[in-house]
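Chain naming follows the written order as A, B, C, D, E and F, and within any one chain the residues start at number 1.
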Amino acid sequence: MKRVALFAGSFDPFTRGHEAVVEEALRLFDEVVIAVGENISKRSLLSVEQRCRLIADLYGKNSRVRVASYSTLTGDFAREVGAMALVRGVRNTVDFELERTMEATNRELFPGLTTILLVTPAEYMHISSSMVRELLAYGRKVDDYLPQGVDIAKYIE
Amino acid sequence: MKRVALFAGSFDPFTRGHEAVVEEALRLFDEVVIAVGENISKRSLLSVEQRCRLIADLYGKNSRVRVASYSTLTGDFAREVGAMALVRGVRNTVDFELERTMEATNRELFPGLTTILLVTPAEYMHISSSMVRELLAYGRKVDDYLPQGVDIAKYIE
Amino acid sequence: MKRVALFAGSFDPFTRGHEAVVEEALRLFDEVVIAVGENISKRSLLSVEQRCRLIADLYGKNSRVRVASYSTLTGDFAREVGAMALVRGVRNTVDFELERTMEATNRELFPGLTTILLVTPAEYMHISSSMVRELLAYGRKVDDYLPQGVDIAKYIE
Amino acid sequence: MKRVALFAGSFDPFTRGHEAVVEEALRLFDEVVIAVGENISKRSLLSVEQRCRLIADLYGKNSRVRVASYSTLTGDFAREVGAMALVRGVRNTVDFELERTMEATNRELFPGLTTILLVTPAEYMHISSSMVRELLAYGRKVDDYLPQGVDIAKYIE
Amino acid sequence: MKRVALFAGSFDPFTRGHEAVVEEALRLFDEVVIAVGENISKRSLLSVEQRCRLIADLYGKNSRVRVASYSTLTGDFAREVGAMALVRGVRNTVDFELERTMEATNRELFPGLTTILLVTPAEYMHISSSMVRELLAYGRKVDDYLPQGVDIAKYIE
Amino acid sequence: MKRVALFAGSFDPFTRGHEAVVEEALRLFDEVVIAVGENISKRSLLSVEQRCRLIADLYGKNSRVRVASYSTLTGDFAREVGAMALVRGVRNTVDFELERTMEATNRELFPGLTTILLVTPAEYMHISSSMVRELLAYGRKVDDYLPQGVDIAKYIE
């Protein structure tokens, strides 16, 4: 049986912190599905398609990573892709309180789907997609916060 | 390759909360090693041997669970038993801050050993070994806080 | 003297967690006023009238519960209904920091009005009105998160 | 029916922060029982008798306050004195996490006994019995941290 | 060498809590630059000009305080005014988690710029600009939350 | 006027995290006094003299650093050495709650003495003296956690 984990998020854009979570998840699971949630309410830097393309370019050669987008409940999508676990990165106590709430909801709605919290490595703990978007808005370079080699300009048309 | 996780703790005694962590870990891994740490400084209810016996009685028939005691650093013991991951239950933000500190230390000392945090199910969130010991000290029944069927008296000689 | 407590909130919709707070408050006070705050800025599922109707249907037979809406400061409304205490449910540390801030403000503005924090029972700790609204948006059933017997469809016209 | 609340603690010594909790509790309840827990393991400044005497001297003229000591589980003592509620002062998130754990335990063991958390007024938020003991150890005056008029020297023989 | 600190914020409006931070900063530094950030996305009570005027009126006679507005990254503005330190007020753990994230970002982007966290005095811990705006919306007097003598009406045209 | 800051602690032993705090403090102040508190109750690895020697060896050539030991209240010692500020490193929310409590106490007892919180750099956030002592107890090398070049064996006789 193939062990599949789902790593779902907005990924607007996918950061070095997200990359660290995927790396850990690949140690534990046979396949990691990175799923871009379509969240209409949030203002976005990249469209869902652009976000998927960025991630696909990054993991294109890795047969154990799949990229997808979804517009259902995360737990429903986990079932759809046959994931046994949700993988989540946690940076601090505010993240933790949120994750705990979501974990309890998912435990109830989707029995058998385990939520795994991975502590974000200290050097990436301050990185978030919103921080990257803010730096971009001020014309700052953000290369240090994106996976190595990613040129964000390529994805913003 | 067999995927092994290490669940280390004092387990004085092993509670229903611990049991929930093991149950989750068994979904994710092929084998779970439950390891009783020898912590000389803490006052104990049960000896390390008694604690191991309680856990062994509980999982005796499950070939995917191993019980052990250890007196080294947890990460060293993880290597010894071939574990790829440390599994930890987290109940609240105070737990989380502690776990995050330990995770960062283990990440540094034991590269390749992933720490997985599992949120304790809400109904067991208030359960701890120390709470069980305190209730026992007041002569209270503690059956509801121990895995079903465990008679703590059997292990306290 | 009748002891009155005020339980104020958005209640969009009133959940099983809210119900647990009311139940506790009824043990402590002679009367509990459940007051729906009119918060124009928030997007809502139910109108204030619909929210009041749902709550009124629930407690209609209980002469110790009153339902009201208000558009003043909560403390001013507490005075208006003769409440000696504000009752608040607290789920986690993020809630707590917010409640503590509001408590200090109310202590200053409304001397003699006591704020009482009640810990949400563990099994309802993940429930929030916003979570119910999100599940509804995905077409999920939410009966388990609403007081028993409440049919939310009846209130959404 | 007389509404009784239990305010239990070590009270070694009773501080101005404790006094603020009692004051709030007296607004809400007909009687407040202040109960000094006998905790053998902790090092103490005052004996249980001395602590009770200090509190009794303080509230001697108030017929709605009772002072007692106890050596059972707090919930058992609540039942013994006919208390419907446990009153607890909460200063910060670390306190809160502890209180939440105890609340869940008491909810389970003592159904019908409500735990009420009262936020410590900002000006007393840094006061604790251990802080008073430490200041005394350094020969500092502690009058500002004790209820007005209390001369701690009178109770330390 | 003149030691300059930057105290940046929205200051919509500048509160007594902000004033306490400035007072502390003036003890530690030769000059404090109070800088009003132009944040287009937030709804505002006062325009940037009005906010600056309020602060300038307050510190007009103090040659060690400068008032400015800026629309760059805070760290860039710190360099522009020659500040060696960013001064930040912290009220609670939620503030702290946010500050820690920003500190780590600034440490990386602006080496040599030190972030200093000052704990807000307890009596101002519940005060925030948003709380002042909310009280104003309800027609409440807010004098107690603003620096002594500030008449907010003067700045709202 | 010379600006002096006091950095007080147990320093058993002085770690790389402590060193980072001193480095920041030296940017802000003319002189930093590193003061080893004599805390009898704690079990120690190094004697107060050994701890002072380790720190003195480290900063021996830096005329802006002074090393001292003290056995009074920290605030009293701050006055004695003419410090205008207490410098404290903060790693997480649990640290923060403790620091906030101490800050409020010092604000009251020692007006004019400012407490400055510095966020520990992410890469040292997991480092503590107690963690170093524990690693030593397991025979681990701890060089990575001590200031560069410090040989702890030299100080443990």
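Please note the rule applied: a contact is a pair of C-beta atoms (placed from the backbone, for glycine too) under 8 Å apart; a residue touches a chain by one contact, two chains touch by 3 or more.
Please read all numbers here as calculations on a predicted model, not as lab measurements.
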item	value
For chain E, the least number of touch steps when starting out from chain A	1
Cα superposition angle of chain D on its copy chain F, in degrees to the nearest 5	120
Per Cα centroids, the chain farthest from chain B	E
Whole-Å separation of chain centres (CA-atom averages), chain B against chain C	39
Chain B-chain E separation of Cα centroids, rounded to whole Å	47
Computed distance of Cα centres, chain D from chain B, in Å	34
Multi-chain contact sites of chain D, meaning residues that touch two or more partners	92-94, 97, 100, 103-104, 122, 125-126
Chain-to-chain touches, reported pairwise for every pair that qualifies	A-B, A-C, A-E, A-F, B-C, B-D, B-F, C-D, C-E, D-E, D-F, E-F
Complex contact set, residues of chain B against chain F	72-73, 76, 93-94, 97-98, 100-105, 108-109
Residue numbers on chain A that touch chain F, as the complex places them	92-93, 122-123, 125-126
Complex contact set, residues of chain D against chain C	3, 24, 27-28, 84-85, 90, 93, 96-97, 99-100, 103-104, 107, 112, 114-119, 121-122
Sites on chain F touched by chain B in the complex	91-94, 125-126, 128, 131, 135, 138, 140, 144
